[in-house]
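Here the chain labels run A, B, C and D in written order, and each chain numbers its own residues starting at 1.
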């Protein structure tokens, strides 16, 4: 699986999922929104503030100063269990690749945010529901190892339905792998931040998502360990509407803050400014792609 | 305040508070008990299992193999605030000294338990309600420092109404002092155990009591931070009977285990046997008082 | 109803008859014929278990559970509580001696009967249980005691309270603490190893699995519900998930299998438990000489290599998005 | 009713009259006479405050509270939660910049009105608040940020829930974490410093106290209740407790006093808050060059010497009980 998509992606900043229609209906206020406007407003409904799920590259474009140097694109999925149900796993991967314009459920690389060089990982629900298989685990681990080598802060945006069933126990083991990588990274005194976006559940929430120094939740995102349906089936009753929302988690003390997407970049920059000593960044770390390609 | 009491204490293993009457009534089952029998049964009512509060020296005698080498007897109370209410603080100290046959609210020293050399601290409610003033803080700190120097495990029996009012902020600061001493002691990989006896509250519970590697609570002991009366006044209702009991705390996850006094020595020895590598104890550490006097 | 229990019925009856006959006349032809029949039946039922049959074996009501292993230790003293909120009975923990070796044990505990199962929450651990585990992992590190775990859970508790007290954080914290631990860690999968709730106490230097235990990314029911919206298709999911001990040994996810008697561990519970403990002891002996750093490095590498695949022909730094 | 508020009444009236007159004719005799009277009255009321009056000053409804200090920082971003159970509004914490310096701030927050006081639990912190504090102390250590605390509480929350979730453990853990912290710690007592609930965030390298703040082993009401079973005797207890800034400076329990305007900090809130922040900044500048080990050693010694008294003439190893 070579890289042709990326070349296309470079040109189109607001690449979106396969549905190429011009209009999108806000599921909260029913407003019909022009996709191009939505792209410009970071996929937040200008009328009611509803946060659409965001494509990884749109997210990256909304955050970084200039260039984004992607790494880990040579880490690509295989079919370790030879899984076939309705369709073979490989076919599912092909379809998601086509539909999402992504090679897997996370994009990793380097960039600067208001001049702060950071290692950045962004998960995308459009690819297999953001599930963590071996590629997500390996790319996140690789990102943390590369960031550790360069002593850069690392920020990961999570969006995940949990572990990827079709990779079985190999998927589950990515929880152990990523947790270990985070622990090593943080033990060196580096800053690890996560931004939990809609939805963040299962194996991703129970590993690196909730292991961070700072945990920011995007407004109204659904976040938890067990899925809502599983809980409802277990307790045999409907859950309150706010259950497992970012706001609920804030009250329960699970996250440091809840931020509206439109203020997210500014907030992250402010947090970096507190947590990272800007004066100690070496000149080579200040520019991309120089530092990333070391 | 020199040491004549101690010489007397050596001879009378079951020294008790000033009331020299021969009989004691069990407050739970109303049985009249012969004091000498009670002493032999570790101050546990043979009929209903009620645990009387125990004198520090009785406690020590019920635990140690042979000798107990007391240290810190040269750390003695003064009257730093010049406190006088109904009576001067100094007079209160004199009375408690007389009544309790103790020089302060904690006895510290070295002994062996089934051959395990340990640093041992035992608080006594008979002296100023077991309150922590500068002497308790200093003796506990001194014990931990001496134990750290010898790499001995340390066990402290708590019994305290909290901080000693008559020493004001100097008393409160003993929380900081003892906590720091425990932290240093444990940071070296030493074992710190506390046994919470009736009652353990306030500044003692919020410092070294709940800081230990292992926390054993004596059956039915009252343990908490705020006093029962304070809470009742705050919430303006009666508290349930089991509130702040050892058993309640076990259910709430605050203590490692609840142990009947009659099984306490055996339990502590078993815990030492797990936590301390007996084979690594040097021969000089195996005997008392040689190791203690180093 | 448990599939294996169903199938065993005839066999158990027959075995009882053989025993009775043998008492009367051990050398009779009838006994020999029946013995052969029992043997055949055993092989017939248990010789080639499907993954779904293994799931049922792992859930067999007579299968040894954590408390059976704890009872077979030289000594065990339970330690309680997370020091903050509650003592979780679904996770038993404490000091133990195993062949004279001082260890810290953490175990997921199902119940033997309905009453105990309710008290133990069917072995589904709540955040408090994981926080107790974490506290005692740290204590083990502090005291230099190896950590031994017994995994047996369908998964972490999925209740409202567990979400309210951050089950996710509790599990992640266990994984972090096991990563940091400066002592040997041996994990055993004795029954069901379900999802992150199992892994939380199974990130280890050496992972031992009972032959008929299962260990999977989700329970077969959960997997079927997630993928096909129908938990009744669990047998099919079990087929796909590669959750048997043989599969996992092949993937390098577990390190060792302890064989079970034909028909399952419960057919010789004491013997099997003893063999499992001996296997643990053996693993601990192997890990004992290693330094803390060596242990942690090997542990890192062990998980680091799972699923690491790089297309070496492709570019390392692939694209610059401008 | 607050004693100081009562006494101020006449003064405040008179001051208003002076201001009004001055606007009409600043040079009039009447103004000068009244100004002198105001001055006298001020000195009369506030010149020699008793300890109990100081307690009332510390509880004055207009006294600057934590949020007033936070608002005067260059910048403050609140961080929430203990990651386990709840975000406690009685303890505000977060990143801040103070004169360009990056710091971690922890503050006990009372309310300005009844509604906020209920939400803030009158500044009485629950275990979750102390656990949030502890988490952020550790984060500050991890990131190398100095810790600055603002103490203003009658004491730790004494409710049922706080006992159920181990208030004692939560406070002890804060003390342990401050002991371990590898960064400078500056604590300020801005209003009431009540008991272990205050100390939990006040074990520090440098402790600054507002002149009219109080800091005591128990609230005067609590002390009176404990000793004499009568909380109404609080004024008497205040007299005994040696809880004023001057007393505590004498004992070496605090390191520095920030003077208040005659009549209390609230009579020039902005000015006082500014001076307090400048004093903190100055203390941080002094601590900045010290290494982590030097900080921890000095911190240990600082508390180690409080109340250490040995009768050097007496025996070191006094008795052997046989």
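In this section, a contact is a pair of C-beta atoms (placed from the backbone, for glycine too) under 8 Å apart; a residue touches a chain by one contact, two chains touch by 3 or more.
Note that the coordinates shown come from a computational prediction; the quantities given were computed from them, not determined experimentally.
Student: Between chain pairs A-C and A-D, which one is joined by a greater number of C-beta pairs in contact?
Tutor: Between A-D and A-C, contacts are more numerous in A-C.
Student: Can you give the whole-Å distance between the Cα centres of chain A and chain C?
Tutor: Computed from C-alpha means, the inter-chain centre distance equals 32 Å.
Student: Between chain B and chain C, what distance separates the C-alpha centroids? Give it in angstrom.
Tutor: A distance of 42 Å separates the two centres.
Student: When the centre of a chain is set as the mean of its C-alpha atoms, what distance in Å lies between chain C and chain D?
Tutor: Each chain's C-alpha centroid was found; their separation is 52 Å.
Student: Quick one: which residues in chain B touch 2 or more of the other chains?
Tutor: If we look for residues of chain B contacting two or more partner chains, we find 210, 252-254.
Student: Among all residues of chain C, which ones touch two or more of the remaining chains?
Tutor: Counting only residues that touch two or more other chains, chain C contributes 83-85, 165-166, 169.
Student: Would you please name all pairs of chains that touch?
Tutor: Once each pair is checked, the touching ones are A-C, A-D, B-C, B-D, C-D.
Student: Give every residue of chain C touching chain A within the complex, in rising order.
Tutor: By the definition above, chain C touches chain A via 156, 158-160, 162-169, 171-173, 175-176, 179-180, 195-196, 199-200, 203, 215-218, 222-223, 225-228, 236-237, 240-243, 247-248, 251, 253, 299-300, 303-304, 306-312, 314-322.
Student: Of all residues in chain C, which touch chain D in the complex?
Tutor: 83-85, 127, 131, 165-166, 169-170
Student: Going by the contact rule at the top, pick out the chain A residues touching chain C in the complex.
Tutor: My answer: residues 1-3, 6-7, 9-10, 57, 60-61, 66-76, 78, 80-81, 83, 85, 109, 133-135, 137-138, 141, 161-177, 179-184, 187, 202-203, 205-211, 224-227, 229-231, 234-235, 239, 243-244, 249, 252-254, 289, 292-293.
Student: Across the complex, what residues on chain D touch chain A?
Tutor: That would be residues 75, 77-88, 95-97, 102, 128, 132, 139, 142-145 of chain D.
Student: In the complex formed with chain D, which residues of chain A make contact?
Tutor: 186, 189, 191, 210, 213-214, 250-257, 267, 270-271, 273-275, 277
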